[in-house]
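Multiple structures follow.
Two complexes, one shared chain (chain A), two partners (chain B, chain C).
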Partner chain A sequence: MSDYAVLGKRLPRVDGPVKAAGSARFTDDLSLPGMLHGKILRSPHPHARILRIDTTRAEQLPGVRAVIVGEDFGDYRYGLRADTRDEYPLARGKVRYLGEEVAAVAAVDEDTALEALELIRVDYEVLPAVTDPEEALLEGAPQLHDDKPGNISVHMKTGFGDVDEAFRQADYVREDRFYSQSVLHGFLEPNAALAHWEAPNRITIWASKQSPYFLYRNLSNCFNVPLSNVRLIQPYIGGGFGGKNGGYPVDFCAVMLSKKSGRPVKIVLTMEEVLSSHRRRHPMIVRLKTGVRKDGTILAHDCRIIADGGAGTGVGPSTIANAFYFLNLPYVVPNVRYEAFRAYTNRPISVAQRGNGIQQIRYAADVQLEMIAHDLGLDPVRIRQKNAVYTGYRTASGMNIHSCGLQETITGAVRAAEWDTHYRPWREKENEPLGRIATGVGIACNSFQSGARLTGHNCCTAVIKVHEDGTASLLTGSTDSGQGSETVLAMIVAEVLGIRLEDVFVPQTDSTVTPVDPGSFGSRVSSTAGNAVLIAARDARQQLLPVAAELLKAAPEAIEFRDCKVFVRGAPDKALRFRDLTRQTVAWGSGTSIIGQGSWGQTVPPMNFETGEGDASGAYSFGTQAAWVEVDTRTGRVTVPRMVVAHDLGFALNPLAVEGQHEGSIAGGVGHTIYEHCVEENGQNLTPNLTAYGLPTVYDLPREMVSLSIETIDPVGAFGAKESGEGTQVSTIPAIVNAIHNAIGVWITDLPVTPEKVLKALRDKKAQAKATAEGQS
Partner chain B sequence: MRLKKFEHFEPRTLSEACRLLKEQGDKAALIAGGTDLVVRMKYGVTQPQCLINLKKVEGLGSIALVGENLHVGALATLTQVRCSDLVLERCPMLAEAALAVGAAQLQNMGTIGGNICLEPRCWYFQQGRSWRQARPDCFKNGGSVCYMAKGSRRCHALYCGDTAAALLALGAKVRLVNPGGERIVPIEEFFVDDGMRHTDLQPGELLAEVILPAPLPGQRGTYLKYRKRGALDFPIAGVAAVMSGTTAAIARLRIAITGVGSSPLVVAPPPDYPSEAGLTPALIDLLVEMARKQTRTVSHMEVSASYRKELVGVLVRDALEKLGGA
Partner chain C sequence: MAMQQMQLKVNGTLHTVMEQPHRTLLEVLREELGFTGTKRACRVGDCGACTVIIDGKAVLSCLTLAVEVQGREIITIEALGDGDRPDPLQRSFVDCGAVQCGFCTPGMVMSAKALLDENPHPDPDEVRRAIAGNLCRCTGYAKIVEAIEDAATRLA
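Moving on to the complex of A and B:
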């Protein structure tokens, strides 16, 4: 595969220079003549009935041009599916979480808009609130939605194989409870929208969206305008991680305020609004029972999940289904049973976040596997090798593995981690006194969907315009939210047409111009949009071929495109410059514009959210991570000085971009494991700023990060590529938690791993050992 | 998060600044680096109607020897302090403490005077207006409740200045200037254990400089800070320790702790301790115990009172072991 001219090279990102120079324009950098500034009024209560909203005084304030409330949107509700549409652009009748949007104002400047918010009077009848998902499911709990009794937002119950029989056959069964806390996406550009309504029914909106076409459909429905009249233009995005997928109140309000005022309206949330009221990762309680043979072979999982959904459903059904799918991977699990409740609570809405439900389940399952290995005196590497899935494997639930380098990732990670030198089982260490700094190593494996199979729109389309000077434009609706897909997709075009990366321009997503696309989520862009781009590029080349064949007097099959030249294979001097070909093509015959087009959807049938049967994707990535930890046994502080990511990504389209993804995964995973937590009190977030919330800084990340790409050349993905963006964050948590056990002999089953928790666990362990010793004497 | 309107004064002399401060009374706030004040103003928890900007006051940022003493002007930035040859030569631990504040950008803007006077903090007080509207005001915002210690009749906001601990351990004095003149007081008398009003500054009075005595023979010190992350964060606990003596015997030993109460506190060995024996393990144990006992703190966010006391013990031990060369 090494004969690619562009692909597989460590090419810097095309958006790097403008971002580094600060000249990349984000939504807040934009303004239009006559533009107004919007602000949103939020609920001060986690649960309350809205008795009355009086906006009169706000409307009378000089400089205020529009004030809107929930009624302005009629009965419009939005959500993933028809049966889960439970979110309003502005609250109707009730507020269901502290910080929920209640009203919005547009004024000539931000100060006036803020002043106007204070003049809006809302009378509330405060209702009892429930902020704990287990309590929310109890009888008698305060109810959030009248049409969703029992506060059940999503319920999934399924199973494959004979779990009870497997437990009877098992030599060892253990059951544990794990908790993964509330963490935020942590993007640095707050949600923002600049909207312009042109009467009678045309919308133009610039919004920070990683998946702009959700909002494009939302706006069409909400405002009853044809899709052709919704022009959504995507400026640069300051990170998304799942928190900029759909339409949010900020978008709907900007459009409605523009419609009402007749002027363009920009709303940029404050970081405080984002951190306290915007979406976040699902907190989950995972109860997992696992049966194994005494050699560590997994026989069955029985898993029960309670997920905290917050006040709305969002993409919750996919989160709950994902947790099930990846209970089945990356280890062979012949029998599986699963029941999950996603509970409504009076908290901000939980959605997808880099891994969408899979981190939580793999944290539980991989730490429990480590517990089992410890209990049975088995080697942690060998138990993973023993259970690892393989090419050709089909899960009990019917997921099909077409390429799998899991074993190679284990080997690679173990080697890079110098595992054999550093690893000593805890059993061998437990009678030695703990030093002030205890060290340990841990390992965990992962799998992920390479392009989530969706029930609705799956297809990516690419259009390539070849310009007469030999350059090309790639029109795609797949958005680069910072992951580097713009560069990678442009590289595919350059490879196929035999031109340079800098010859390919990828304009911003613009729903009037670029093809409709599902968006940047579920690790789909490189693999799914990549295939669409590959087909489009081949289509463009195909259109150029007859002209080239004619000019070179050669058979079309013998012609190659490379290094900005078109030449006859085996006779490199029979060549012409690519730009001469494109120039001549324009004038050829009656004249031709070269426009290549390609579409690619999914190779597997739609997923079934009810039973979880079938494939979650056309391809699956696999990987292994190894972590070193140092635990200060006097303060309980855990640091991760070194971490290895070994990932089967099929093919590394751009190894430099892959490294960036791997390092980002480590940062996100270390944050989730050790540092980040939305601390709340009665539904109020006490950490609504970046000082309090505690995203890790560069000082808190591993000093050394090793990134290994294992290439298995997947049959589905473009050039054999699979995802390498989300799967890599799936095993970060268990690798660290397993390493902590290896260092100090305690299991952390409740995230985050705060120093105080570690210290308490050490104390409890000591007290228990003492009690045991006294009991024996 | 917009600022309310305010008047802005730029006095050229200290006496002019004091006069303005006295005239404007409660309506005024002093601003130097602004790294603490402006954040509070944006939150709307401090709403001065006028700012008295000290930036133009002549000579207020100088770092110079006056006789044996080192005078550090209140307007000296934390970067200037930590890079000053005089500071590094005579009391490097003050540089250590300045380096521990926030991050480089904050050290470039923030001043030592501002760091000493840093407003006590808590996550119930330092929040935006809409956040605070969701619950009754706390003491510090004009209410009658402290959310850090429910049922308490006082404010328990935490004093978090890093440099104060170093200055306390070093035995620094502060020069306070008022319209009628000035006074020089030991820095421990400057602090008050009250989250609402944590300094002894009188109306119209401001902190002009800190005065560090000449280092004693064999003086060495250290500042250890425990915080959540490797940068940016305020101390969960900060411990400064200074010891002097040219032989094994201890001539002077002083410890100061910050971040655990509404004012920093000083821990000194009891008067009758056997100083000639040096920094023995028994003395370290004793001081660790004293420091833990003197630390009276409350739970805040995810840090319990008992954990904070535990940390103080660890930091005191580490600091002393470092000074003892262990």
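Moving on to the complex of A and C:
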């Protein structure tokens, strides 16, 4: 359809060869002369007052160069907004979760640092802990923060339309409770930082950050140094998924230990530290009441959420707001009411994770829609088609849909899943005996923001340096944590300048060189940074045009850039090589530099964290997923042999990268649905390694994954592109849970779907059927 | 703990190092010999990111003491190829989109290499078994399996 030379092609990623060769350097692969190794002492209690810390013996251990505690950071606290700064680099006064950072040591090697940790004596007064968010909100619950009474970290209450009237008019209303558990980001590269403090006030840090400019600001504030003196260099990132956004204790401690020791310090967490105490997804209890007409038309949602925020606020306000925004999409909901409490608990801090708050709400809403379809004898595909939003739709809360291919994604997913062949409603099957392996299919839809519009600085900036030999460097602060954005942004440069992908180099983010950027979160890079790159590339081309026009003796408007050539449209023999044009331009007159620049920010006002009114983004993606499940009725084990993703991504800038995002979303979603769970009991972490935690292996994921891209050419995103890496994980859970119902007739409203829960649900159903039969006889 | 002299044959070259006997092969490869292509992730044998090949078999270097593998043939990712002259496996991983964040990639490639060296024509089940101990969060494994099958075809 499109006549692009580079975009839309299945091009291998530009950083693939160095990564496959093992020569790509991640933070832990770096070392500096004289470098020390840091280790962090963590709290053995979920809640305790720190009475005294004695570091004397640790400091005296040969090989130890620095020991730090909370007081070393003064009163510095950090957080998303001024009113939510409740995190400390090292605990002050109290510890609030198991594994919270209490002290840190830098020594000549890791073994010495570990030995020193054992020599630090901390006297605690153990306090009662609360690890359940509902209990945390009760009167008399242990309190985490003195200035946040009732353990309320975030409270949001809002509504649009007339929900009570809608329920009165509804033919059918049902209310259900859903629970989504505590899961991790699951990146394989543990958090790591290598810091070098140069007196009097210069910081250089290499840290694994998907959004490095959070930490850049954090460090400037924490250490009171100008931003020009904070040099954050971004090595390759071994996965982020939301767990490497901001500054964390590992980063602050590396810098403070370096400041104190005068030597570079590297801290690399162990996986056990990540699994026990690093940030994770918000567990959520969702109570959802929905009213429909008898044909399945949704009239209203009334939703109450209790989210487990852990011991700090993090980006929690955005999570709570997101859950509200996406109560309104992807189905038409004319009336909506929402109240959410994000409770502080004595657990590690909950933050954004691929889908940030939206998985949890869409799991509830899409499974409940399936329940309603079942109760009313409606077809699951048709009920979704009936309620699907469309281009030009405006939600009750004021979100504006400028492009929408939701219907096409439903059609595409149904076709690819061979739905009509495999789907039989549970009602038709329920009187047949369950075999050893019961099979079922399920479907669910999604929507997502294409670049979260948060408050504050929200624009991306790109600088393109065109070298005299016809190659180009793209300076961007948008990082690639594995999703392939570096490749996609380089493809945009290549497309506009008419050069090859391999002619474009994207150096790593370096805060003293690359432009400030909000970060790689909320699915913003391809669409938002993409537009900035497009503007910058056009700017660079504009600077080349006068010389091209002169050399080709043609009007600038008639000149095209393609295939490493610059030529007159309609007269391809009137051409010169791009590299000849750049050489000539650079030497023109007394010489010049070709530097294109572009900035682009979200065009909608910032999210309203109070009321949720207005847009969450300038563009929204839509999608549908279909799952095929097999349930072993003897063991309760659920497997997903086949899954389809059909996604309206606007335009597939690189279909190979898009497929990778879709498949990765399935992996994260299947893990969340069936396998993964952080389990703590009596203040102990029962899942301290990846095997116990349940990160899926190749045996746990669908053998067959089908990825369909529906292109709607959005008016906002770069070249019409919308997001394609997070929305795709939003509907994985409900598609699987709906398929499980279709297989065995039970609803799983409590994640993960463990074999125990499946067997119990089957037993309960049998007992209920027996009781009903006896009651009738 | 007392240092001990060790001789390790890595990628065909004999290296003599002074090391404590409790040091793992992973630590010695990365910290003493500079083979940082072998990744340190879980350190307890769960994830496979540290996979190397010893005498033809894929081995977790985080669970292997360096002192134990003196005199054996140790192969790391660095021996396979580089950006200019990649091994067919590395080329297939890149071309098939099997690389995303890249942190699991060297370990995956080494597990695949051990498989293809022993069994040049594996069926899909054999490919999956070979990487069952290598975790990846980014890809869902589909393109990794495809890349290994693609490399087997290229090598045939």
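FYI, the second predicted complex is superposed on the first by the 775 of 777 C-alpha atoms of A that agree within 3 Å, B and C clash if a C-alpha of one lies under 4 Å from a C-alpha of the other, contacts with A are read in each partner's own complex, and residues count from 1 in each chain.
Rule of thumb we're sticking to: contacts are C-beta pairs under 8 Å (C-beta built on N, C-alpha and C of every residue); 3 or more make two chains touch, one makes a residue touch a chain.
The model shown is predicted, which means the values in this text are computed figures rather than measured ones.
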item: Which of chain B and chain C A:T270 touches, first, second, both or neither; value: both
item: Which partner reaches more residues of chain A (counting touched residues only), chain B or chain C; value: C
item: Chain B versus chain C as contact partner of A:A82, first or second or both or neither; value: neither
item: First, second, both or neither for A:S481, with chain B first and chain C second; value: second
item: Partner chain(s) touched by A:Y675 [first = chain B, second = chain C, both, neither]; value: first
item: First (chain B), second (chain C), both or neither touched by A:A773; value: neither
item: Touched partner set for A:A199, first chain B, second chain C, both or neither; value: neither
item: Partner chain in contact with A:T697 - chain B first, chain C second, else both or neither; value: both
item: Chain B versus chain C as contact partner of A:G238, first or second or both or neither; value: second
item: On chain A, positions contacted by chain B and by chain C; value: 270, 272, 691, 697-699
item: Residues of chain A touching chain B in the complex; value: 42, 44-45, 98, 110-111, 114, 270, 272, 276, 634-635, 675, 677, 679, 684, 686-688, 691-692, 694, 696-700, 754-756, 759
item: For the chain B and chain A complex, residues of the former touching the latter; value: 1-2, 123-124, 127-128, 130-131, 133-135, 226, 228-233, 301-304, 307, 310-311, 314
item: For the chain C and chain A complex, residues of the former touching the latter; value: 30, 36-44, 46-47, 49, 76-78, 80-83, 86, 90-91, 93-95, 97, 99-106, 109, 128, 131-145
item: Contact set on chain A toward chain C in their complex; value: 10, 12-13, 15-26, 28-29, 185-190, 236-241, 268, 270-272, 481-484, 656-657, 659-660, 663-664, 666-668, 689-691, 695, 697-699, 701-702, 705
